[in-house]
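Going by the order they are written in, the chains are A, B, C, D, E and F; count residues from 1 in each one.
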Amino acid sequence: MRVFQRFRLIPYVLVMLSMITLAIPAVIGGLALAQTATETPPAATAPAPAAAPPAGAPPAAAPAPPPKLDTGDTAWVLTSAALVLAMTAPGLALFYGGMVREKNALGTIMQSFIILCLISVQWVLWGYSLSFGPDHGNIIGGLEWFGLNDVAMDKADTAGYAPTVPHQAFMIFQAMFAVITVALITGAFAERMKFSSFLVFSLLWATFIYDPLAHWVWGVGGWIRNLGALDFAGGTVVHISSGVSALACALVLGKRRGYGKEHMAPHNLPMTVLGASMLWFGWFGFNAGSALGAGPLATSAFVVTNTATAAAALAWMVAEWIYRGKPTVLGAASGAVAGLVAITPASGFVGPMSSIAIGVGAGVFCYTAVIVKSRLGYDDSLDAFGVHGIGGTWGALATGLFASKAINSAGADGLFFGNPGQVWIQFLAVLASWALAFFGTLVILKIVDWTMGLRVSDEEEQIGLDLSQHEERAYSKN
Amino acid sequence: MKKIEAIIKPFKLEEVKDALTEVGIYGMTVTEVRGYGRQKGQKESYRGAEYTVEFVPKTKIEVVIADNLVEKVVETILRTAKTGSIGDGKIFVTVLGDAVRIRTGETGERAL
Amino acid sequence: MRVFQRFRLIPYVLVMLSMITLAIPAVIGGLALAQTATETPPAATAPAPAAAPPAGAPPAAAPAPPPKLDTGDTAWVLTSAALVLAMTAPGLALFYGGMVREKNALGTIMQSFIILCLISVQWVLWGYSLSFGPDHGNIIGGLEWFGLNDVAMDKADTAGYAPTVPHQAFMIFQAMFAVITVALITGAFAERMKFSSFLVFSLLWATFIYDPLAHWVWGVGGWIRNLGALDFAGGTVVHISSGVSALACALVLGKRRGYGKEHMAPHNLPMTVLGASMLWFGWFGFNAGSALGAGPLATSAFVVTNTATAAAALAWMVAEWIYRGKPTVLGAASGAVAGLVAITPASGFVGPMSSIAIGVGAGVFCYTAVIVKSRLGYDDSLDAFGVHGIGGTWGALATGLFASKAINSAGADGLFFGNPGQVWIQFLAVLASWALAFFGTLVILKIVDWTMGLRVSDEEEQIGLDLSQHEERAYSKN
Amino acid sequence: MRVFQRFRLIPYVLVMLSMITLAIPAVIGGLALAQTATETPPAATAPAPAAAPPAGAPPAAAPAPPPKLDTGDTAWVLTSAALVLAMTAPGLALFYGGMVREKNALGTIMQSFIILCLISVQWVLWGYSLSFGPDHGNIIGGLEWFGLNDVAMDKADTAGYAPTVPHQAFMIFQAMFAVITVALITGAFAERMKFSSFLVFSLLWATFIYDPLAHWVWGVGGWIRNLGALDFAGGTVVHISSGVSALACALVLGKRRGYGKEHMAPHNLPMTVLGASMLWFGWFGFNAGSALGAGPLATSAFVVTNTATAAAALAWMVAEWIYRGKPTVLGAASGAVAGLVAITPASGFVGPMSSIAIGVGAGVFCYTAVIVKSRLGYDDSLDAFGVHGIGGTWGALATGLFASKAINSAGADGLFFGNPGQVWIQFLAVLASWALAFFGTLVILKIVDWTMGLRVSDEEEQIGLDLSQHEERAYSKN
Amino acid sequence: MKKIEAIIKPFKLEEVKDALTEVGIYGMTVTEVRGYGRQKGQKESYRGAEYTVEFVPKTKIEVVIADNLVEKVVETILRTAKTGSIGDGKIFVTVLGDAVRIRTGETGERAL
Amino acid sequence: MKKIEAIIKPFKLEEVKDALTEVGIYGMTVTEVRGYGRQKGQKESYRGAEYTVEFVPKTKIEVVIADNLVEKVVETILRTAKTGSIGDGKIFVTVLGDAVRIRTGETGERAL
């Protein structure tokens, strides 16, 4: 395996290995714990973090009549789904597209755009069913909802995910999550992956990593959900999974030709800032939309999302200013994305002051990760791991620190609100996500590598993805 | 006929052009180039990566003139393109075989 | 007429002629049919495809009290109106702007932008009234609502278009439709039309083609509506009308200088992908907003819109991959737009699996149209006809195939759900739209040509629209 | 003071001086008037212009039970907050970024982006409290709401700003207003201000100019609000304040090196049009969102916003066509922004026909301002004063002309609807805003100038902000 | 050997290239340049500001050829690059010392 | 003095520059050009339209040197710019009349 041929990566690999040894008992222990949890009557104590009832409702005491579809909630969830779409395209497409060299601009933009197409179809066909369909062994949803079979357009889902909006609205909102998660990984292998292999890899990854993990954490019956881990909008499911998989990709694919020697400055930073801005804009749908209704919880998630993001951008900028001597625009934009990542799992559980702390942490930690990367020598082209892996991990753990039932009675208190146990639960969830993402991705990559090869040829890399993979040029002079 | 090539700092172009016009030179051709020399490039920094681009933007002016104008033109460029700091650039003089105006077919100095 | 001087276009012209011969009886027959239809008591059987009641409501049995304004529905319609605005600018402006040569970038962007301004005012003054105002002879709305006279801000319209939102909300939502329809045509005459003539043409076209057609299909009393033709969000009104008019424009204006010889590659494809992404994003407002409320019907329209679009992008890409050897980014983006176009008329009547079929058809048919164009030799610069004309026609017919009352009880069943008659009705609607758009546009073009001329001079075309029409340069180096 | 060394500016300065002499009694008189106003029982006659109750509600006659949180209203306010965010980034960032020279593109974009970050945090900490917190002497809010203390996520505010949405939703919506106001100023000192000084200036400006002014006009107890001045979405608070401060900045900082001699054409006009389009799109949130609910008032604000904008773009374009001979794209885009600015204060009080008049006025007046500027010789680089100062002033006065209680019963009638007194009240509000903005900004600028200096060095200006302030290049070739 | 430099109108490039290929010239190097001369620039207008960019876009073709081809090449360029309106450009001829083909190391006329 | 012009593949620039620096050449001027020759262009395809751009991106290096350095410089470029595949480019050598350093007014070889 090419990974192990790089001596400078050995420490890294050791860290990974130790994580596995930790992960295996964690998964087993977690499953055990989860089993126990499910035995207790669900209505009383089972935490339902992601599927928190629209927070305007009183903490359900007496069995109430089933809530009706609500136009306001539906409007908000549909709006949110559209916003999350805008995160992938144009958001991520441009954020990443601006950071690569001109000869790979289109190829990189295409990766986000075509993932949007590919996973949209995969999700409708089997992805949604595997993720949120009827539970099988706490591990995976069944294929009962294949092709949206039984996914009603005019009734809320029966599992209780989103009681006041049509089931299909919840489904399409979740579709956008699956889409962006897969697209985030592309930052790691930018500028060198074969287009056909990339398509196959993405389809396999969505099916064998994303769908199970979404089920573990959010699906009714999922073992991590049963553990009581909190992940409001996808710190583990979206960001750790994509970020850690990105690390695996960077390690397996190896560096770009000329990495560290050639000039690889971003070809269009205004495009990147535009992308970051669209990410910020769309992320309100991502986080506040995860309240699945237009009430207090959505409002609170909206506020902390904005605040953490702003704080993280400032923190990254200041860290850079101190460490390097100049505040950079790419730094501010990256910091904003890091903040968005970190607040994601916490957004339904923490208040505004906590969100500032989470944001500042995100800015500083992710900037550090990016600096450290250039020491360690692996080539995570666009820092998908540095921002999403590290930011997601920090966010998931920080949720265990800052969560408060005063914000969301359906959540839990974190360490700073008197419940140290939540940190441990969060840690287990993080560990399991890391393990699944890293090893699952390794396996998929190896399979694709053996069957079709992962990288473009040296000459193709030289010419760039735009001409070699697509026979197009991003910018033409006439 | 001679061809004068001057590599200058880009923001000096207008000044040089105006001065040349004043001494009676009404035609020139300008190219954006990058220069490598004693002048150091600008530091750039993108997340983890730092670069110093060793090539700095320069502007090349090409003027074809009659032999008797060489001194005046060189002197004019020297005067207007000079800032006194490193990187002001160079002037190169070459002998030119012939010149033709495409529109009319005129040749030699009448083509200029 | 310049059209007939092109021998290679003769087959095309013949097709057009035969369509007319078909169209005339169709219009007459249709009118007859429509008359009959209106005689039956409207509450019981008159189909109200576009003005389907918010689908959460039970199929109206007993006369219910008039619905009240609903904040959720209003929020959704206003959000949708904003989204549809974003389709024209920046969406279409950039989608088209990226595809032209640099010297025409601004001129092309301007065409979309100024149409937004021009038609916004036209609509408020007389456009809305002509389209949706009180019916006159099943052909046109009256001027009773000139200047929004009687168009209330605080009550729903009295005609029943949108019972739960303020009348002005419905009006402004529809304004955005009129805007984008006119803007779509600009793809056909890009890079060569005189700006002043273009303004006059657009104003005439909106008034004499769009407004009547909107009335025919959507206006209470309109003869195509009375026929029972289904057009949820504008397959005929928006896409056939603009696409077929685009063909007329391409034929009348003739080719760009150097077409087929000079290099005319898109000057900025990332801009085009950005535009396509904004179109996709905004189209949720277009289609799901056409439910005019935030309920099941909006949800379903949202889901099928996304799914068809994704499928169409994949289909175009695959078709190109097979036929040309490489999947292109412009292909994927074009496919997405084709899918959006094709699902538009069907979006309130079909389910997710049908939408995949519609999407795949759109990708393949529109790609074929684009390939065929380069054989036929007319210069539809940005394929406004190939994508909107063909895609819209396919969508309108496909609605007759895949529509199902299970999705929308206020709609109708299509061929595959046991009602072959619907295909015929759809066909009549398509034919009438083609005929009105093609011949109406010919007449307007001729009038403008005789009075002010259509094309810029050769020298202006050489210099480009940006400098010759606007004295501006898209990109300046200093 | 550098200002007075410029002889050609003397007339300008005189105008300013005479405004002060007018302003001082105005403020005093206004305060007196306001005191009186507050003595009358607030429920009966106190105008509540900005905090108009959701307009669906009947003009409150009998004391009604407090309204409940409404999901539709909340969905709309959250959507609107997201839309207003998009106005600053990417909207304004690109609108301005495209207009500068390439070497300052990133630096200019950064100014909008980092303001979004900085003021988001400032607002949550103390800005909101100063603006909307409990009134102190009709002049300023207290620090009682510091850090969002007492700003509930699950209840409406107790002051009555937005009775049907969570207090935090109103807070975050207002946050976006504070953000964009500060960002608008950057147009005046583009291409020459030191980044560090700019940050300090912005923080001080937000705290000492924006927050008090917002309180005066919108805060319960604010003296201009008590006067009965109408400012629906921020003609005085946002546009006059930023525009007039921009003028002060342009005067104090002085011209860019080479102004009037060097070629300073916009480096990327498609970027500017994209920015203008995003501004238009987001402005629906700004104006229609200011209704703080999804009902008739939001609908009406939405309609007039769109109509005035379109009319203004056409007016600017036509004015330019007549005066200069060509319609320009930058002109149309600038006209649209001018229209958006001018309709802002009026958007909740005027009908569609009035909005056309306001729009046409905006286009013509702002174009005139821009032309006049190049005569007067000060260097307001991107016409922040010409568009926002002049447009805002026109809009605020026009509100006094065109306002009608038929549109908003909680508002007032204007001159054309029989109440000439409203013009005077509007004039006082304008005057007070001009005075606070101009002199407050002068003071802040002087303090920053003395302590850290305002401008970059000549050499840094030569190299451009991107490299000198951020060590980055907007566009790299590899 | 001679080096022919022709400054032409950009849109004439294809035509000139095709004509040169026909007379047996299979190699050339092309640069985007800006020219100053009798031809006036385009007026531009941005809000209050008006500019006339005095430099107009031109294309420079460089062809290195054997001495005996000079006449034919100059004549070919003259014919194809000409529109007859001001700004058609110039042709300059210089003597070349030597040429080397990097791939093979061949020198002189064999390198072309 | 001689002027060496080398048309090379763009990605070879860094290598050539470094090698020239090693043999003591501290100044050069670089231009982005497009080359036409034996090397074929890249196929491009946009919807219905296919293009083969016959001009390929090349980089032109200009170095002015003292006569005695010509051989060394040509050899260095030959060695470092060569990939062995078609399109590696050319080196052209011209005689230069004079050189002036703008900053100081020095002329001749001292100006380099």
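Here, contacts are C-beta pairs under 8 Å (C-beta built on N, C-alpha and C of every residue); 3 or more make two chains touch, one makes a residue touch a chain.
Predicted model, so just to flag it, every value in this text is computed and none were measured.
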Going only through chains that touch each other, what is the minimum step count from chain B to chain C?
-> 2
Out of C-E and C-F, which chain pair has the most contact pairs?
-> C-F
Find the geometric centre of each of chain A and chain D from their Cα atoms only, then give the gap between the two centres in Å, rounded to an integer.
-> 36
Distance-wise, how many Å sit between the C-alpha centres of chain B and chain D, to the nearest whole number?
-> 47
For the pair chain E and chain F, the C-alpha centroid-to-centroid distance in angstrom is 18
Here the gap between chain D and chain E, centre to centre from mean Cα coordinates and rounded to Å, is 53
Set of chain E residues in contact with two or more other chains | 31-32, 44-46, 94-95
Chain D touches at least 2 other chains through residues 70-73, 75-76, 79, 262-266, 268, 274, 324, 326, 328, 330, 471-473, 477
Every touching pair of chains is listed here as A-B, A-C, A-D, A-F, B-D, B-E, B-F, C-D, C-E, C-F, D-E, E-F
Can you list the chain D residues touching chain E in their complex?
-> 263-266, 324, 326, 328, 330-331, 334, 370-371, 373-374, 383
Complex contact set, residues of chain D against chain A | 69-76, 78-79, 81-82, 85-86, 89-90, 93-94, 97, 105-107, 109-110, 113-114, 116-118, 120-121, 124, 147-148, 153-154, 165-166, 168-169, 171-172, 175, 195, 268, 271, 274, 466, 469-478
Please name which positions on chain A make contact with chain D in the complex.
-> 54-56, 70-73, 75-76, 79, 83, 101-103, 262-270, 273-274, 276-278, 280-281, 284-285, 288, 293-300, 302-303, 306-307, 309-311, 313-314, 317, 324, 326-330, 332-333, 336, 351-353, 356, 407
Quick one: which bits of chain E touch chain F in the complex? Just the residue numbers, please.
-> 3, 17, 26-31, 64, 94-103, 105, 111-112
The residues of chain D that touch chain B in their complex are 261-262, 462-463, 467, 471-473
